[in-house]
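For clarity, chains are labelled A, B, C, D, E and F in written order, and residue numbers in each chain start from 1.
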Amino acid sequence: MNLRALVQAALDEDVGRGDLTTDACISPDARGHGLVLAKQDLVVSGHSAAAEVFRATAERVGGVVAYDVLVGEGSAAPRGTHISRVEGTLKTIVIAERLALNLLMRLCGIATHTRRYVDAAAGRLQVVDTRKTTPLLRQLEKRAVVHGGAANHRFSLQDGVMVKDNHITAVGSLTEAVRRARAANHHLVRVEVEVRTLSELGEALSTAADVILLDNMDDETLAEAVRQARSTRPSVILEASGNMDPERIERIRDLGLDLVSAGGLIHQARWADLSLKLQ
Amino acid sequence: MNLRALVQAALDEDVGRGDLTTDACISPDARGHGLVLAKQDLVVSGHSAAAEVFRATAERVGGVVAYDVLVGEGSAAPRGTHISRVEGTLKTIVIAERLALNLLMRLCGIATHTRRYVDAAAGRLQVVDTRKTTPLLRQLEKRAVVHGGAANHRFSLQDGVMVKDNHITAVGSLTEAVRRARAANHHLVRVEVEVRTLSELGEALSTAADVILLDNMDDETLAEAVRQARSTRPSVILEASGNMDPERIERIRDLGLDLVSAGGLIHQARWADLSLKLQ
Amino acid sequence: MNLRALVQAALDEDVGRGDLTTDACISPDARGHGLVLAKQDLVVSGHSAAAEVFRATAERVGGVVAYDVLVGEGSAAPRGTHISRVEGTLKTIVIAERLALNLLMRLCGIATHTRRYVDAAAGRLQVVDTRKTTPLLRQLEKRAVVHGGAANHRFSLQDGVMVKDNHITAVGSLTEAVRRARAANHHLVRVEVEVRTLSELGEALSTAADVILLDNMDDETLAEAVRQARSTRPSVILEASGNMDPERIERIRDLGLDLVSAGGLIHQARWADLSLKLQ
Amino acid sequence: MNLRALVQAALDEDVGRGDLTTDACISPDARGHGLVLAKQDLVVSGHSAAAEVFRATAERVGGVVAYDVLVGEGSAAPRGTHISRVEGTLKTIVIAERLALNLLMRLCGIATHTRRYVDAAAGRLQVVDTRKTTPLLRQLEKRAVVHGGAANHRFSLQDGVMVKDNHITAVGSLTEAVRRARAANHHLVRVEVEVRTLSELGEALSTAADVILLDNMDDETLAEAVRQARSTRPSVILEASGNMDPERIERIRDLGLDLVSAGGLIHQARWADLSLKLQ
Amino acid sequence: MNLRALVQAALDEDVGRGDLTTDACISPDARGHGLVLAKQDLVVSGHSAAAEVFRATAERVGGVVAYDVLVGEGSAAPRGTHISRVEGTLKTIVIAERLALNLLMRLCGIATHTRRYVDAAAGRLQVVDTRKTTPLLRQLEKRAVVHGGAANHRFSLQDGVMVKDNHITAVGSLTEAVRRARAANHHLVRVEVEVRTLSELGEALSTAADVILLDNMDDETLAEAVRQARSTRPSVILEASGNMDPERIERIRDLGLDLVSAGGLIHQARWADLSLKLQ
Amino acid sequence: MNLRALVQAALDEDVGRGDLTTDACISPDARGHGLVLAKQDLVVSGHSAAAEVFRATAERVGGVVAYDVLVGEGSAAPRGTHISRVEGTLKTIVIAERLALNLLMRLCGIATHTRRYVDAAAGRLQVVDTRKTTPLLRQLEKRAVVHGGAANHRFSLQDGVMVKDNHITAVGSLTEAVRRARAANHHLVRVEVEVRTLSELGEALSTAADVILLDNMDDETLAEAVRQARSTRPSVILEASGNMDPERIERIRDLGLDLVSAGGLIHQARWADLSLKLQ
């Protein structure tokens, strides 16, 4: 579901056949402008979505709206900053307002929350997201993660191979599971395998896996795992996951890992506080 | 977008043409079962969505899954409880897992968060949600609010008339805005009007508005507003909004209001912690 | 199904892959203009639909058409009047003609037929439509009713609460049915209940129903019902229905009713006679 | 738009997210049955559409309904006859009722109205419909025409070649227009050409046209036209149109025409009177 | 599926959420131009499809492209000729290239292959295609056949009546099958019947069939069939099919047939060799 | 576009509103069975598509069909073999026949053609396809390649990173283009870079590219390229492309390459000869 389709479906949801109040009260010709105000310190994300909401609403109700960015995506906006400005037919602005804000508040919330993880990593390792995202909003949320300064893991189950415990159990052995995953996929994808113990790590290092996910290890085990992996296969890519919050990232950022993945970038973020004030 | 279409689009997003790993590792015939575990105290919501995810995934990949509810929607599940059980083709379960959990975690999170507001209201007034919902998930999120014990406000702009400051400004007077809204709509909808001061309230009470929203008033003004309204039009419906959290609801629950509306039921909720353990 | 989608589907139906005759005979570059002629006295409706037909056909076949309104929607056009004018690529006009006329004839037919009911009401009560409309054309037909001078009842089952005999039978009592309908719905919708006897009316008046539908009563009963209702609850909204044609409306218009609803506005209307003459 | 898609769109229109009243009042488990009653003499059409409405509604709201035909399509049903019976979950029946009846009333209305034309023709010539049909209902309406005893003309602009006055004007000559239409189309379609005078008829008879439409001629001219055509090209197919009602058909049925086409079969039909009585 | 929908679906297939490489390497602002080069002698077809690919890709990725035709559809282009030129945003051109070429190569391949059959017919009979076309590409492929100089048979099963052996077997007799096919269809379609022997031909000639398909006869039988048919019903349309390649067409072109149909026009064509060179 | 949607669209194309002939001639109740016959030696592919065609047609026309595989996908079927059997309602089989065969003929044609390349490779290197596929049929055609014994390259532009000459030109250097492609993409995809000379190869070997495509080199250059690559980076994956037909593959199969890619597997394949004989 691309942005255009998503916004159409969201307008169907929030507007339906029409806004009973605005249709009764606001003339199609009246014009106005407004400013989107950050009511808290935040990192900006969601302008492309908000702009599409105003564009699509204008098309629907027969108006026009220009959406001008004042603070770009990925930039910090202190409380009290205006991050964008809309100008056009008042009716369009009033009808589009709620959906545009719902998206901006969610996405700024994620970018703002992600920034804390990234600051904790201090550039020593890369912070990446997971597939724990709001259904249908994944593209927008993953872009918000990038605006927050982190990077993206695979987008979906079709975009990368990751052998997890369920696959290993089903196949009967980690080695065989990796072998099958490698054989079944084309040569432009890598294979990642998840391990939870040093013993599993040992087995993983002798397979063709390109990436190893060290899942749910405590700090000491994690440190030992990195040492063993680096001594056996220096170029293997090492990712860690499991309860990764800024505090823990700060503790483990110098162990020699390549990446940490954290679902919390997205699912522990709350909506940022924003409003649209008509002038 | 009904539940069936939503789940199809979400599977397109998360699975796409197929799960590169599971297709390689798990036989279409292998079967298994698993339990959805509450890893925190929570109020349950989302079973219908999760069941549809497993059903639709099974249809897509050619498997079968039964989804059995163990703790019903609206019930509390203490940490450690199994809230549902899935049984069927292993491949289906593994592919559907992430989307099912993403929905359950979001919806249980909302139901759990809402319950705190409802407890604070102690039955003295009704707690209702707003249109601050995640785009495309509104039906599910509003149902989660009900599972949490609160009620729903209008679903969308087409489901109720609410005259807000922007409408009043556009029309030039509160009285005239209410008149137009009433005249333009059929006789089975009520008209609500938003006021922010006692003076606006006075004007609103002399219109045909059925419901008055007391927005962003401090506790004292709110008390006075209720008194004035009740003395003038005893049967008018009174709703309050603005920074409504459980603490404030507890303070104002005995003022004589009919309802408080709070966007935070939904947008301040974090995902509840749940996992699916294959047995 | 919004107007754009409706017209696309209707062009799929009437044009399909292409007009075998016009594609063979008329050059894509040839231009022309034509006038839509009222061949009977009528009230105009359907311009927005007709304009969309020409626009969408032009887009499909690669032409251009301007649709200019000569007599506005809601106005009367005596036989012999031109109500609109089209100008553009001849091929587009010829291909679009049938569908545009099919819509205009149906919608002018309804507006014209409705006007007779409205005239009969002479402003003493409001005439409203029902849900007896042509499937998929409801928005257009309900707008034609407005062009004819009447008003609209609820659009669909989701836009208003109306407790009818089947609901009362299923629940076991009118009072309890109204109670459930009120409890289950948000505070911006009203509840209407249908009664057929004075005894049912008595029960209805003691519920929280905002509107009472007096269905299928003869003129005397209707008069008595209004008297009883007004004496008990002066502000209750009273609607009558059942065989409402202009003659009956004239008879009962001074009884004190608020509204009469009549399916016949739409389903007893015949197509008005219109043609498109190329000049 | 096939029947399944049409009914889905019509349920979106009439039911939307749900029936506010029925959802509140009728338990999903309650069952019932009802009879569809002819409240006037009529010819039956629309069972397949009505059955699909009940089926699709049941699927939507999670119920079951059986639709049993009591009087088949194409048969006459005197006033007071039950033409079908529904049995299943009460909620489904109540929600589906209006749409099912809207379709049955429209389609029985057409079949009933058509039967009068067919009776007038007394088997001496074939009565056929035109493209003057309700947008999106063409397949159902044309089937109703068949149930009424008449036959169908081409379904759409892509299903047959008919050279009309606009085509002739655009090309500059009837002969050349027919030549182009013939040349541009495959060998399994015939070419029909419309003529309004005996002189045009003369020209048409010397082209490769397979069918000639005698449009808007008075009875005498029509008689003369048939004589001239039959003497020149005995096997040419002759169709007449223009103000064809039962009275006129009776007058001209013995002139030697093959067919008369009449838009009025459909657009002059009113809804038949039917109701669904729950038992 | 019209061209616009086809290209959207094909871009979903080939581009999906985005081009991982181009998004990383090419700036949205960079511009370029390129030429489509015929790397073999060919007949041109597919410009409208290629133009739509560039237009739709530009819309998707936010760029602009002009597509200019240098050698028109239906014209021969010797090896080394540039048949079209694209100019616009480089990113759009690079992303659209593969799909545009896939369509052009397929369609030029068909037009080029068809031309050989048409040359063999030397204007003595018409060469037509069949329903053996690539699913979803039928309109484009049938247009390529026209660009190659041949004509089209019926487009689909709904566009013409052809009674084949399976129908005859099901009905029990050729005569009765033709009678039923004639009776069930409107008067603007012809009826074609397939025969395989002279005896079947004899029967077919005494029915109302307008067209007779002489299927899979050897050259001598074919000659005799034409003689018999022409002597009985001079104006019957005669089509031959079965292993029709240019060599055979040359042999039978003077027998007196009206048409030969050949699936091989399309399914024996290979892709023509074309490339897009950025300058 | 998944298989189900593809078949629906293809039935819309080939059947539309209905089969004029079969609807007239074959009773909905008549049953029959038939065998799909290989009229040439071939490798089987397309059963899943054919089965879906029969299933979907049965659903559309209200029949039933069972499709039984006699020779599995990937197996060789000598001329005269029956590869599958259908049994069910005759009407369904007759209407579905053409589309089912169109898919089987195309897909068996590709599998059969691919097998020649694979035989030439003799297991010394892997043969893979390209993105030169028929629009909308890519999944089916790529599966046919697998049935022919070859493997698949990336499915689409979103499934793998391949830096080609246009990207390098746009960026200004191969090294920088690879760097950007690597930086912009997640850690589960590999980066491939295309080189045309030994000098480019030298540059590519010093980047982070995981795979190098040796494009359009003659046999000697290719041999030298493999030597240089293997001596510098033994584990780099080497792919060759450009005019790869079975003869050339046989010549170069022992050079030490990992893969050859050949668009001709698909675009040089002709339809295999198959028929469906009703018994």
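Odds and ends about this structure:
In this section, contacts are C-beta pairs under 8 Å (C-beta built on N, C-alpha and C of every residue); 3 or more make two chains touch, one makes a residue touch a chain.
Since this is a predicted model, take the numbers as computed values, not measurements.
The chain pair C-D and the chain pair A-F differ in C-beta contact count, and the higher one is C-D. Repeating the A-B interface with over half of its contact pairs identical by residue number, the matching pair from B-C, D-E or C-D is C-D. Distance between chain centres (mean CA atoms), chain B to chain E: 55 Å.
Centre-to-centre spacing of chain D and chain F amounts to 47 Å, using the average Cα coordinate of each chain.
Contact with two or more other chains is made by residues 16-17, 155, 158-162, 189 of chain A. For chain E in complex with chain F, the touching residues are 1, 6, 9-10, 12-27, 30, 90, 94-95, 98-99, 101-103, 105-106, 131-138, 156-164, 166-167, 169-171, 177, 180-181, 183-185, 189, 267-268, 270-271, 278. Within the complex formed with chain E, the residues of chain D that make contact are 128, 151-155, 158-162, 186-190, 192, 210-211, 237, 239, 258-259.
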